[in-house]
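This is the structure I want to talk about, given as structure tokens.
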């Protein structure tokens, strides 16, 4: 069976780009199984994602692409499962869904390890024969705590870090090291209810829908590029705890959808937005 | 055919309320066609809505209810179409839907008149033989403008005032005169994107869902009790104008749903929230 | 803390029912925390669900209710987790979600055992220290196979049997023994795509939405009373396998929602429909 | 301002198509503002839609495309409003929405005329200064009736015929004359509830969601290629009339979405399915 590769290009828009790029793939004897482009008129950027089949000579293709698109941001990678590390606190729903999917081969990722600032989820993760590192934040400084986490994360060399209801804020240093590689699930349809306990805020405001948002983490809290969002209806009879409970299923679903998009190499980050092809 | 009445009770919660209230209806020989109750534990309030059939002696029932529930807020009214006045600016979609439904008898309301601060919608409204008052805000003070509108509204003695994309802020005096009787459609899923041009804000933030909110107007801008909300998915390819265009259908739908709930006497206001039975 | 009980009444409709029933609860000194009624005009049936608090004298209440409503179907039970047995075949998603929720106390049920006609899920279930019975259907008759399952089910005396993607049809005898107690998740929005491989059917038909249905099992295949349904959008780019994959999350979500309704004693069955209060 | 054209290609898939086609556009000095492709692996078909800007020499482009893709189905047309004729019976909601949008320039089509087999909607259509032809089916044969309609339709030379709740079945001859040019709104989420009164069927079955489907009409009743579908939740408390009433808003919304896709030249028909780019 032929290998499948994904080609991602993000470059300044100009006439004839598709023709040039597809020409290189034709020269290389490759078949384009799927192709999508998007032009951001406002910023004059061109985005392209191709799934290509055939014997890929990565260096040759990249060299040719760089010669015609010297300033382009280009990625060419085999379509394969991503290595990830997951950070958690106490809540089981988001990571639980990931563990089940991982076990049955539908996560599109290899979970290398899970790190938690509590031990609540240690036994659950252990059931699935995945390493769990309990790094308590108690009695140590924020910096020391994060330094420990960072060392463990780094030791696994993950392609992505997933915050599956990790309830602590990462420092700018950590975020910078994993720019557009940290995926969070936030328990509101951002930008509504930024900050602490969105369900209490939603209850207080008397909204009729609640939601969840998965986004890349950057250094503006709850302001990173949004990957996926979804909502469910609620009504006056929900206490905030019942909203939180109903919200958990949406959070799980939204994170799962976002991860699928990211792990399938479909998500470009451009400024504080995503382009999904 | 028997008349149908709606009984609405909002009172402090205590044991045996349903038994007491239903006892009065039994005494009066009335049939309860539909009945709903809700207890707000936090605020210790009891809400009840009954649709009753039979020969209703309004004074007798109210007297009995007041004697057992002296402090309750009670409404007893025949189930019938509400008289309304609509305020608009330039956009046709929300009022367009109302006019079509009105014409074909599915609005649950009588449109007594439409008032606009532009003449853009005058000819549309005229087609349906409904009075249109063009009260321009140009060249006059906010107070003078609103005074004129108020006089016209008052002359029609409406039970509800509907802001069908009326793009000006009402003064506290106006709002006070029609407490919980003014229904607005806001072009975002509140509390996201409060204030001007929510679609531009949504575009800038890169959200993946946009929505609309219908709420009663109070004196905190965009903070009134929410009646109904809905959303639709969008993606990176939408300009803010395309979001606005897609959003119009949601706005129309959300306002239509909210109006149906209000005109069917199903909405209680309690603090800055609604209870919908 | 006071015990909470649920009272469910399904009876012929007539004037004054609410007053009579609530009178009995008042006499018994009980508090009604939540109350809902519904009248099915077409069939002239009255349904009522009350959550009551206080010291419940079950026999006394039932005796009083039966004396005023001799023909009513009445249930009065403490609000507590239900005992269940789960039947599975090979797919992990629906039972996976249940196992995670069970472990973290949000399933509203005690999983007494899991029975599978394959051993695929044995190790997953074992991780959660729940008994797994592998009862292969191979080489034995349908009757023999089901007899074995029935014996195991019976030995656990479950209140409900959940078919979490159990891909075999139960015999009328089995169904009769657990009338309105067997909950299935069907992989289409019924009544669309009854029968085998709904995703292939959906793909072939070129639908733009797919869905799932949870229903009580009766002896008309895919015709039992529907408890909950939900859908997701798809498009031309989905193969039927991708529809099936996307559909798994909907199935999981739909079953979870249906189980919550059933385990909270909110679902009445009336004919081939449900009334949910 | 530059004209915008849409290029639609539907052809057998093979290597290098994008490169060849984009080469022709580059040669012609045209700019590709939007581009989408889709490959149907199963049927080995390639679909491409390009929005192109610049001075389009239609004959030259078509000639070049035909020389490299002799068997392709190619359309190249200026992006402009489509001429349409609407057929109706008695219900106002679907056509009402179209009339309002038409009046305010957001329908993406010119309504040339409306034909109805009743006169119920004549006065509504007249308000908008659009020709209404009342062609009663009473007292004449199906053939005669349709012949009359056909003559009127033909006289307006429409690009599309919209059945906005036209409750009669068209003959194969009519359908053949307007292959993939007749758009219907069906009041169920097909393939559920094919045939008469879907809302009654839905009520009887006790479903928890109802929906609507817009599709091209072919000669298998309710079996034409689906363009758009949507649903809304319902519950046990809905009579079938209330389902129909709630369903009207979905029907209106679904038809509006389908028309937007078709009028923007985004919909390919392939077999009994659509590909939407």
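To keep things simple, chains are lettered A, B, C and D as they appear, and every chain counts its residues starting from 1.
Operating definition for what follows: a contact is a pair of C-beta atoms (placed from the backbone, for glycine too) under 8 Å apart; a residue touches a chain by one contact, two chains touch by 3 or more.
These numbers come from a predicted model, not from an experiment.
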Number of hops, chain A to chain C, where each hop joins two touching chains: 1
Farthest chain (mean CA position) relative to chain B: A
Centre-of-Cα separation between chain D and chain A, whole angstrom: 37
For chain A paired with chain B, centre-to-centre distance based on mean C-alpha positions, whole Å: 41
Per-residue overlap in chain A, given as positions that touch at least 2 other chains: 41
Complex interface listing, chain C residues touching chain D: 38, 40-42, 189-193, 205-209, 211, 225-231, 235-237, 239, 272-276
Residues of chain B touching chain C in the complex: 15-16, 18-19, 22-23, 25-26, 31-37, 39, 41
For the chain A and chain C complex, residues of the former touching the latter: 92-93, 96-97, 99-101, 103-104, 106, 124, 127-128, 245, 248-249, 253, 256-257
